[in-house]
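Chains here go by letter, A, B, C, D, E and F, matching the order in which they are written, and residues are numbered from 1 within each.
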Amino acid sequence: MQVSARNQLAGTVKEIKQDDIMAEVTLQLADGVELVAVITASSAQRLNISVGSQVYVIVKSTDVMIGAD
Amino acid sequence: MQVSARNQLAGTVKEIKQDDIMAEVTLQLADGVELVAVITASSAQRLNISVGSQVYVIVKSTDVMIGAD
Amino acid sequence: MQVSARNQLAGTVKEIKQDDIMAEVTLQLADGVELVAVITASSAQRLNISVGSQVYVIVKSTDVMIGAD
Amino acid sequence: MQVSARNQLAGTVKEIKQDDIMAEVTLQLADGVELVAVITASSAQRLNISVGSQVYVIVKSTDVMIGAD
Amino acid sequence: MQVSARNQLAGTVKEIKQDDIMAEVTLQLADGVELVAVITASSAQRLNISVGSQVYVIVKSTDVMIGAD
Amino acid sequence: MQVSARNQLAGTVKEIKQDDIMAEVTLQLADGVELVAVITASSAQRLNISVGSQVYVIVKSTDVMIGAD
């Protein structure tokens, strides 16, 4: 399935921290470039991801902000 | 100002496309790694960004999804 | 690709209204059950959708609210 | 109160799972059509919902994505 | 209808700027305290709001970030 | 750093409730005007906020909805 969300970057699962409801997944996109995703624990299970899994980071473009110094 | 949003990645503005209300900003994070942000045209003006500006991409972790093959 | 977003419902594209930047897509899930998605015009083109296309509506569970009378 | 969020679908609460902070609410829209909402536990209490409650699922159109095969 | 979104603040419509698809609505919450909402133009019409309308600003708590100096 | 998110209001932290993953932060903007933010517990720690901290509430304009009676 192709998704309308514009931003889809390849990454590797580096850490998963979860409780009964939520999971915080740290993803490595490149050396020193990490992103954190907060998804439901049941979605993490359904995707069957663990440390080392090759995944995609997906972000809808209306959810991306820009910061400038 | 420091922002609670977990994900803040350095990037360069590659393209800005805008109409009266919305702006679509393409950002380059690394060679071949791009993200698109949709913000208001007035925010783009307020940040005073143009092609080549050094900026940060900011995404709240609850807005990050994961895809797996 | 499987996506972590919990909510994925089958639907049919009923109407697409777009300008240079944004597209408003009306989707029919069942008789009398419609949802509207606002995505970028370039995502609509990339997905190659038109009226009648069979698609999925995808919503991250943290973006769903509940209303009660 | 009428809400600007475009997508408001009638449903029934099927399951509520919660911890001190978050609640994961499964809603049935029709036979075999379910959506999951993640809201705060205190919002779930304030709405006074329980299994069987008739509610509305509300989603802002900018939070809806489209998937295509 | 009561909505699960935790944050509902009373305000007055101060300005509406819109094109065919999107509307940018500036809301005044108090003297010198303004918020901007980007909703679809059709939602703005459906709510029948104009400058001076008494409305509520609604934000889901998972969409609120915190900044600190 | 300046952030594209249009809505940035000054406030004071009134209460922090957190578990291992999520934190629910209640912020006071003015007398009787409160907002709740749900962020990750690690972001709350990184910002080093506690009850009484002077902070900013930040909301992207595409995440603001409008309600009308």
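Rule of thumb we're sticking to: contacts are C-beta pairs under 8 Å (C-beta built on N, C-alpha and C of every residue); 3 or more make two chains touch, one makes a residue touch a chain.
This structure is a prediction, so every number in the text was calculated from the model and none was measured.
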Every chain in contact with both subunit A and subunit F is listed here as B, D
Which contact partners do subunit B and subunit C have in common? A, E
Please name the chain that ends up farthest from subunit C once chain centres are defined by their CA atoms averaged. F
If you average the Cα atoms per chain, which one ends up farthest from subunit B? D
Rounded Å distance between subunit A and subunit B, as computed from the means of their C-alpha atoms: 17
CA centre of subunit C versus CA centre of subunit E: separation in Å? 23
Please compute the C-alpha centroid of subunit C, do the same for subunit F, then give the distance between them in whole Å. 29
For subunit C, give me the residues that contact two or more of the other chains. 1-6, 19, 22, 24, 36-40, 42-44, 47, 56, 58, 60-63, 65-69
Spell out all pairs of chains that touch, sorted by label. A-B, A-C, A-D, A-F, B-C, B-E, B-F, C-D, C-E, D-E, D-F, E-F
Can you tell me which positions in subunit D touch subunit A when the two form their complex? 17-19, 22-24, 36, 38, 62-63, 65-69
Residue ranges of subunit F touching subunit A (in the complex, touch as defined): 1-5, 19-22, 40, 42, 60, 62
Given the complex, residues on subunit D that touch subunit E span 1-6, 37-40, 42-44, 46-47, 56, 58, 60-62
Subunit B residues touching subunit A in their complex are 3, 5-9, 24-25, 27, 29-30, 33, 35-39, 43-44, 47-49, 53-69
